[in-house]
């Protein structure tokens, strides 16, 4: 069983399944997120990570299963892909205060944490890819939500920025006490800064503490042995059997 | 001077400058790209990498300087950001053959090289972030252009995919003999698979072979000493002097 | 078999019905509630037009969809059109045509007020543009007689075997029209000095025949709103002449008239229906139409 | 002069207050042709009202609200863009209206009246109506401004961060529908839609934030109304077209100045 | 019956051949209201033609082409969306047309005729004109199809990969403008724009590629014409509205079936 901490449970997903146009995208996903926890979802492209996140925060309705959210849970979300139409004059400050209010000072401070405080009055449509990503991250921080949900936050962020970003996420948890759910492909860094890793490939292949997960055969099948230092093997509880080729491919049934 | 190989010169940029709305984005960029060469542009977010690429291939007009392209040069381009409207029914095969014709077999083969041949008949709007990136890459390969221009090709691609991708790029150069210009933040991998590194921060801070560049003080200033193994120092020829803080900051003048 | 005659609008259809009594019954193309200006044709209307031996209409200024059809299709029918944009087409028989007027009508002698005498001059200056003849000619019973004569002549030419019927019908119709004319003269005799304003100038033939005293129209073309100065001049003139009656038309919004009315404490708004939209098509329609017109005028003006 | 023109000035200025900010959303949400659609559906509304013996205003309000809800439902799928949806609804309801009309004698409609209805003919009861729309509509719009803007930027983001997107969208659509349905009876569709989209478009080149765009659009709309009405008095031109032409002048000036600035830099 | 209706059937079917694929681009490029804009500018064209003693068709063609070029120029900036630009041009030219008209009395324009023009009154010279448009327009459209599609997906990409984006876009805009300008004289704007946007919208739910969408849209358009004309004959209803209503039926069916399928899955 995933180690549910003693903290209060913010969100609990039970037997989630998602099928779009007859195509199964998620199957039998069970998940619990508690306050102050950093959960990282890893998995190959097309594994359903973004879909899972959207289902958890209520953008996408699951076709099976149920999701319990703590009443009046506030969510900060940073989508994987976002494009803002040119017809809308929108500067960075206004984007950051879109759904919540914040003073200019607070906004600058949040931007400073992601290294882009000089962009505060720039038009969002003119930002470079990495600048936009940093702004969106600062925006998510600013809201001080109960859960911060980040879909590939480091995508397009430069080398230094990426390192700083994961340090920042660590810090945030202690400062704000919020839970952080993120998707990332950067296994090096993820492994170092995560409480719970969920390895997804349509269903949850394995989950648990980073050290244990990295030893799991399905994990090494997906990501190679490079990330298998040495520690206890965590066994997940599926009611079906796995052969080795199972989770590595794209078609798991 | 950048080492121009004995191969034929495909593209030559002379004293390129770009100013948009009074804001200087590129300054005094000189650049030569020869056939069969892999050129990687690195630099912090907002350094002007994407702008430089767009200027080189003629999407953006430079406000200063001139660009010479070999007559009838064919270009394969993979932009950093691309969103396709939902009103257009477009499957992967059709996207790949948008500007050039290719048989279904060839398209499948190209997709197979980026590991997503099973997506050939999927609608592009439903692809996951990484799947789309892989498809766009396969699309760029399929065209067999003289220059392949890739703006952060590995963005959103999963861990295994990223490793394979850089191997693929190496292979392509020898197979197709085309030049490859790419932007990347993944310094580890870039360093291993590049002929010429251009370190950009509005202007070219330093450029040359990876080993030499990684020793350059401005490079270490930008990216930390981690990437400075040991080799000759390449000195670039600016007509202005640098102090140490120069290239690391966002405002260089 | 008898002659197939199709007539575009109901007042003309009524006159032709008289002429065809005992010989043929003309068909009506635009039903009374269909605006000849903007309605698209239905298949049955197309059939009617294509089948007709004789097609009688006013012209493309009025029946626009019919105009397109006549222009496009090679029709077998004889087309009776009394005038086009260049003037009379040779059927005249005494048809009197009027030019479209500016918003503030040039006044008849004697009713003139000095300050707007330039209007008359204007009307002459624009007198020879295209499309400047007012097509609502049938509102003058004498024009109705001219029209009937022209149609009868055509009918006799096309269907000589019924010459006697046509001549007799025409004779009777002329008598009836003259009686109608006289009656309306009597009814409107007391209205001659009473000034009024109409919504759009679709009605000057009636006005001219009975020497009524319309002083202006809010719009010249119902699709074209007036300028504020025009409106203000109309209001001034209305005050000047102590207008007590404003006429709206059932198919158009009376909103401008309401504005003018708000500046004229004693003015009423009456309704005139120049197309007879509520009347049953047939021989009697024309007579009902004009009677109704004069009745609504005297009701409002008295 | 003022005597004749002041109702027009007041009504035009009041309507501009709502047209500026509401129109900005129409521009952002690619619904510039909402007004046109409402006008065309108005024909159907009138026809039905006459057939079923309703009050005509009720008929129009009902049909336009239904169309707004239909638009909401159809926008859930993302494959047909907003302007095409509006086009389908506009042409569809116009065609339906004409068909119903063809089978029901004795209904006369003044479509051109709906299209070109005129500020000059505004009376005091119209002024009251406009005042009522403004006092209800403006606070309502201000209330939904922030969440609606978030939805406009990105619907997923807004939903994730706790906004009831469906509710806000429905309120917005109904607000626009009813505003246009009422205003078009008074000033005509040409003027109300032009006031809703041209000033925001002109403001786009100047504004740095959505709020600025709303405010600048309102200012341009009010100026267009005043200058347009003065011009129309000066040259005895129809008022509505004069105001629209004035707004176009502002738009052209805005484009020209922006282009010139870029050239200079 | 056929004897009476065949010109309408032929003209409608021929126009559908071009309306399907051309309309698909209008939907993709968010220009559903291009036809409406052309119709409104038509008024200005007619007015100017009468004033300057030109042939009316020349006047319309000139103004619509100029508007198409203006649209091209204005689309270079990306801050005003296509539908708003069309709205501005449409209302602007209509207002201008009305102003010019106001100062030149005695010009009669038939705006409603342009809007509701009549398929039933199509004659042989019209058929020739339609045939000419098709024989020029269809091959031209097929020639620019591929590059235009690439531009529609992403203009930067198309440009980088060697497409002369400006040329293709101008050709496309002129082609649509001239097609609509001619067709609207013959069948009316209501019908031509409805045939251009409703069938592609219906086809969107079925098609997997752009080419399929163009072809399916054409089929739906032709079916709408045939069924609409038969229905109009059956019930003696106005033809244009009957065809539009038929196309709407196809659209509704397409939406319904798609939704049902998703529910079942």
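Labels A, B, C, D and E are assigned to the chains in the order they are written; within every chain, residues are numbered from 1.
In the analysis below, a contact is a pair of C-beta atoms (placed from the backbone, for glycine too) under 8 Å apart; a residue touches a chain by one contact, two chains touch by 3 or more.
Since we're looking at a predicted model, the values are computed, not measured.
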item: Neighbouring chains shared between chain C and chain D, ordered by label; value: E
item: Connected chain clusters in the absence of chain A; value: one piece
item: Path length in the contact graph (chain B to chain C, fewest steps); value: 2
item: Relative to chain D, chain with the most remote C-alpha centre; value: B
item: Whole-Å gap between the CA centroids of chain A and chain E; value: 47
item: Centroid distance [mean C-alpha coordinates] between chain E and chain D, Å; value: 24
item: Averaged-CA centre spacing for the pair chain C and chain A, given as whole angstrom; value: 77
item: Centre-to-centre distance between chain E and chain C (centres being mean Cα positions), rounded to whole Å; value: 37
item: Residues of chain B touching at least two other chains; value: 85, 87, 89
item: Overlap residues in chain E, where contacts from two or more other chains coincide; value: 27, 30, 79-81, 84, 98, 102, 111-112, 116, 204, 237-238, 240-241
item: Per-residue multi-chain contacts in chain C, two or more chains; value: 38, 40, 42, 223-225, 227
item: Pairs of chains found to touch, sorted by chain label; value: A-B, A-D, A-E, B-D, B-E, C-D, C-E, D-E
item: Residues on chain A engaged by chain D in the complex (per definition of touch); value: 54, 57-59, 74-77, 79, 82, 84-85, 87-91, 94-95, 98-100, 121, 123, 143, 145, 149
item: Chain D residues touching chain B - in the complex, by the definition given at the top; value: 78-81, 84, 262, 265
item: Contact set on chain D toward chain C in their complex; value: 1, 4-5, 8, 98, 102, 105-108, 110-113, 116-118, 120-124, 229, 232-233, 235-241
item: Chain E-facing residues of chain D, complex; value: 27, 30-33, 36, 74, 77, 79-88, 91-92, 94-96, 98-99, 102-103, 111-112, 116, 190, 193-194, 197-198, 200-201, 204-205, 235-238, 240-242, 244-245, 248, 251, 255, 258
item: Chain D-touching residues of chain C, taken from the complex the two chains share; value: 31-33, 35, 38, 40, 42, 222-232, 235, 250-253, 255-256, 258-259, 262-263, 277-278
